[in-house]
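The following blocks contain the structures, represented as structure tokens.
Both of the next two complexes hold chain A, though its partner changes from chain B to chain C.
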Partner chain A sequence: MILAQSLLVGFFGAAAVAFGVWVFRTSSMMRSALALLFSQTALGAMFLAMQTEFLGVLQIMMMATEMSIMAIFMVMFMMDPGGLGEMDMSHQKRLAIAAALVATTLSIAVVILVDWGKPTAVPPGAAQQVRELGTELLGRSMMLFETAGVTILTAMIAATAIAVDGRPYGKQKPAAAAMNQQHKPPLDEEAQS
Partner chain B sequence: MTVFLALVSMLLYIYVIAVIEASLRTGRVNAALPLFAALALLGRESIVPRKCDRIFFETAPILLLLSALLAAAVLPLAPGLMITDLATGALFINAALAYVLVALLMAGWGPDGAYALIGGWRFLGQLLAYSMLIVMPITAVAMRASSLLTTDIVTSQAELWNIVYQPLGFVLFFIAAMALAFLPPFDLPTAQGELAGGVEAEYSGVRLAVFRFGRLALITALAAATTVLYLGGWYGPWLPAWAWSTLKLLGVASAMLVAGHYLPRIREAQLLAWAWKFGIPLALLNIFLVGVLVLVLS
Partner chain C sequence: MTAVLIVALVTGALLFGIGLYGALSQTNLVMIMMGVELILAGALVNLVAFWRFLHPHVYAGQMFVLIIMTVMALEMAVGFGIAVARFRSRGSVEMEEARDLNG
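This part shows the complex of A and B:
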């Protein structure tokens, strides 16, 4: 059982790394975004293989939406979203290689040097894990998560308020007025509204 | 054996739902129509557009089907009659259905066609409207059951179905489920008559057959989810458990199809405005009301 689990963890780990490499090997922004999604999905599958069902399912769920939304931003803002111009996504290669080597060495050092304690032979059942996680989130860690949640919500509302200029056309700042003028609906639609 | 039975039941439901959809479209009931339509599609050439993103183009229909089948896998039709009973079942439904978006984005981007591309991105906008209205009502359902196990959710409704206990959540979930299955009036990604089929536009032959089969499976999974979450699952007098699940599932699917048949297509901006200004506040109110009910009644 442990062997099968280890093999699955290894397989999904390798898949996560392979998709992670593909993120930078492709020129298409859409392929890049979805490669990152499947790298994260493979991480979720690793959680499942390690019998942490809630974390695995949550990871698989959250990443689908987040990476899809990231895809549209990458397509909107990159100069070559289709990858037809063979754009190179890598830059500052020496610095990147050095940073990667240091990070990998540190990670391996943490894995080896930290005293992880005895491995749990029988982890709590999936339902028990959900219950314990819920108790943790609504107990000791409640303030932390609630503060983070409210901060994100505030940022969302503030960003929307900045993006939407509610004032009538005549009273807008020159830049906003010019932008809206470009997107002004035709007269017949305006009359209908 | 249980898995085999669950899969066969799913296939039968998909077929009956295809008959209902075809009947609404043609105006007459013909049980053989979906069979002939499938054979016709399988007999046609499956064209691959030039300069398409082959990986996305080929993966999209299969991923759509897979997402729907995975979501259905945790939904019980009768005590013990389900593919798997996960401890995170209610969350798993969301996780599986999240990949419907990924499939449609792939189907939009893959063929290198304007209509398909617009359809795919439209569905991303549609997700911003419906996703919270799927997750929040499910949260309230799990609150009442004190569990994410779908079998626990059904048994928590033994005395009173959730459609009565939390009607607001039911209405929001029903509408959001129609948007997730891109059924009319939320058929923005396909939009016949406007986008020439949208994400379906460049598919033909066997690939289109798989895509449409996946969409029917998605409608079936969402009807099953509505049955399990709000209509008491297999509970009901006189008839056996599986019969009640079947009747409810087909009833929900018919209601979705009939409602869509008589409603005009909504605009993307209207859908988003409605969802964020009314839908989400109502979903939060639903969670609050259920919380109070759970505390008071316990």
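This part shows the complex of A and C:
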């Protein structure tokens, strides 16, 4: 049982890391979004293998939705979502690689050097986990839970307020007005018509 | 069991490193957000592993996981709001062109 759990956790962990690397290796933005979706789903499967059923299912459901929305935004905003132009959209690569290597090495060193004590072999059952988490949410952590809910509401309103362009047509800022102007037919064509 | 805990924690460290690389090296706002998502995913793995293997009877640990998931959703919502505003005003979400957050 422990061997099977170790193998599954290792497999899904490796899959999550491999898909995470793929996110920044591919030139197609759609593939990047899908790779991130697979990476997060592999993490959800890893949680399931670690016998944290509720969190595993929650992770898979949330991330499937989030990454699907991200893929839609990729198509909306990217000049080349299919990656056919092989555009390089990165900068300061050396600094980024150095920072990532230092952070990862330090983290792994801490993981290996610290004495974690004796881990628990058998966690509470799935039903008990959900029951106890519900009691925690509506008991000791209720204020935190409610704060998270209000924060989500605030973020939804803030995101909508930022995204909505309330200015009437023709009174936008110069860049937006210039963009709109590009889509208008030239003056002489207007005169002919 | 210690081996499984270490595998989970190393996975978290690797995801954090990959996410940090992405957040620092990418020029596109949506790709930067993907890097931040991976950083938060690394934190998520660590929290789940700590709860599962070290303190499975302290459910405040699972509460932390829910908070991190909330932060991931908030980051996406606000990030896409900013992306829409920038795309509307500047026609691009390339962050090399962003000197300030003024839409």
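Heads up, the rule we're going with is that the second predicted complex is superposed on the first by the 151 of 193 C-alpha atoms of A that agree within 3 Å, B and C clash if a C-alpha of one lies under 4 Å from a C-alpha of the other, contacts with A are read in each partner's own complex, and residues count from 1 in each chain.
In this section, a contact is a pair of C-beta atoms (placed from the backbone, for glycine too) under 8 Å apart; a residue touches a chain by one contact, two chains touch by 3 or more.
Worth saying up front: this structure is predicted, and the values here are computed from it rather than measured.
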{"item": "Touching partner for A:S28 - first (chain B), second (chain C), both, neither", "value": "first"}
{"item": "Which superposed partner A:I112 touches (first chain B, second chain C, both, neither)", "value": "second"}
{"item": "Touched partner set for A:A127, first chain B, second chain C, both or neither", "value": "first"}
{"item": "Partner chain in contact with A:E136 - chain B first, chain C second, else both or neither", "value": "second"}
{"item": "First (chain B), second (chain C), both or neither touched by A:Q92", "value": "second"}
{"item": "First (chain B), second (chain C), both or neither touched by A:M61", "value": "first"}
{"item": "First, second, both or neither for A:I69, with chain B first and chain C second", "value": "both"}
{"item": "Residue contacts on chain A - larger count, chain B or chain C", "value": "C"}
{"item": "Contact residues of chain A, present in both the chain B and the chain C interface", "value": "54, 58, 69, 129"}
{"item": "Touch list for chain A against partner chain B, complex", "value": "28, 30-31, 34, 37, 53-54, 57-58, 60-61, 64-65, 68-69, 71-72, 125-127, 129-130"}
{"item": "In the complex, chain C residues that touch chain A", "value": "1-22, 24-28, 30-31, 33-35, 37-38, 41, 44-45, 48-49, 51-54, 56-57, 59-60, 62-63, 65-67, 69-70, 72-74, 76-78, 80-85, 87-91, 93-94, 96, 103"}
{"item": "Footprint of chain C on chain A - complex, ascending", "value": "2, 5-6, 9-10, 13-14, 16-17, 20-21, 23-24, 29, 32-33, 36, 39-40, 43, 46-47, 50-52, 54-55, 58-59, 62, 66, 69-70, 73-74, 76-78, 89-93, 95-97, 99-101, 103-104, 107-108, 111-112, 116-121, 123-124, 129, 132-133, 135-137, 140-141, 144-145, 148, 151-152, 155-156, 158-163, 165, 172-173, 175-176, 179"}
{"item": "Residues of chain B that touch chain A when the two form their complex", "value": "53, 55-56, 86-88, 91-92, 94-95, 98-99, 101-102, 105-106, 109, 121, 124, 127, 131, 147-149"}
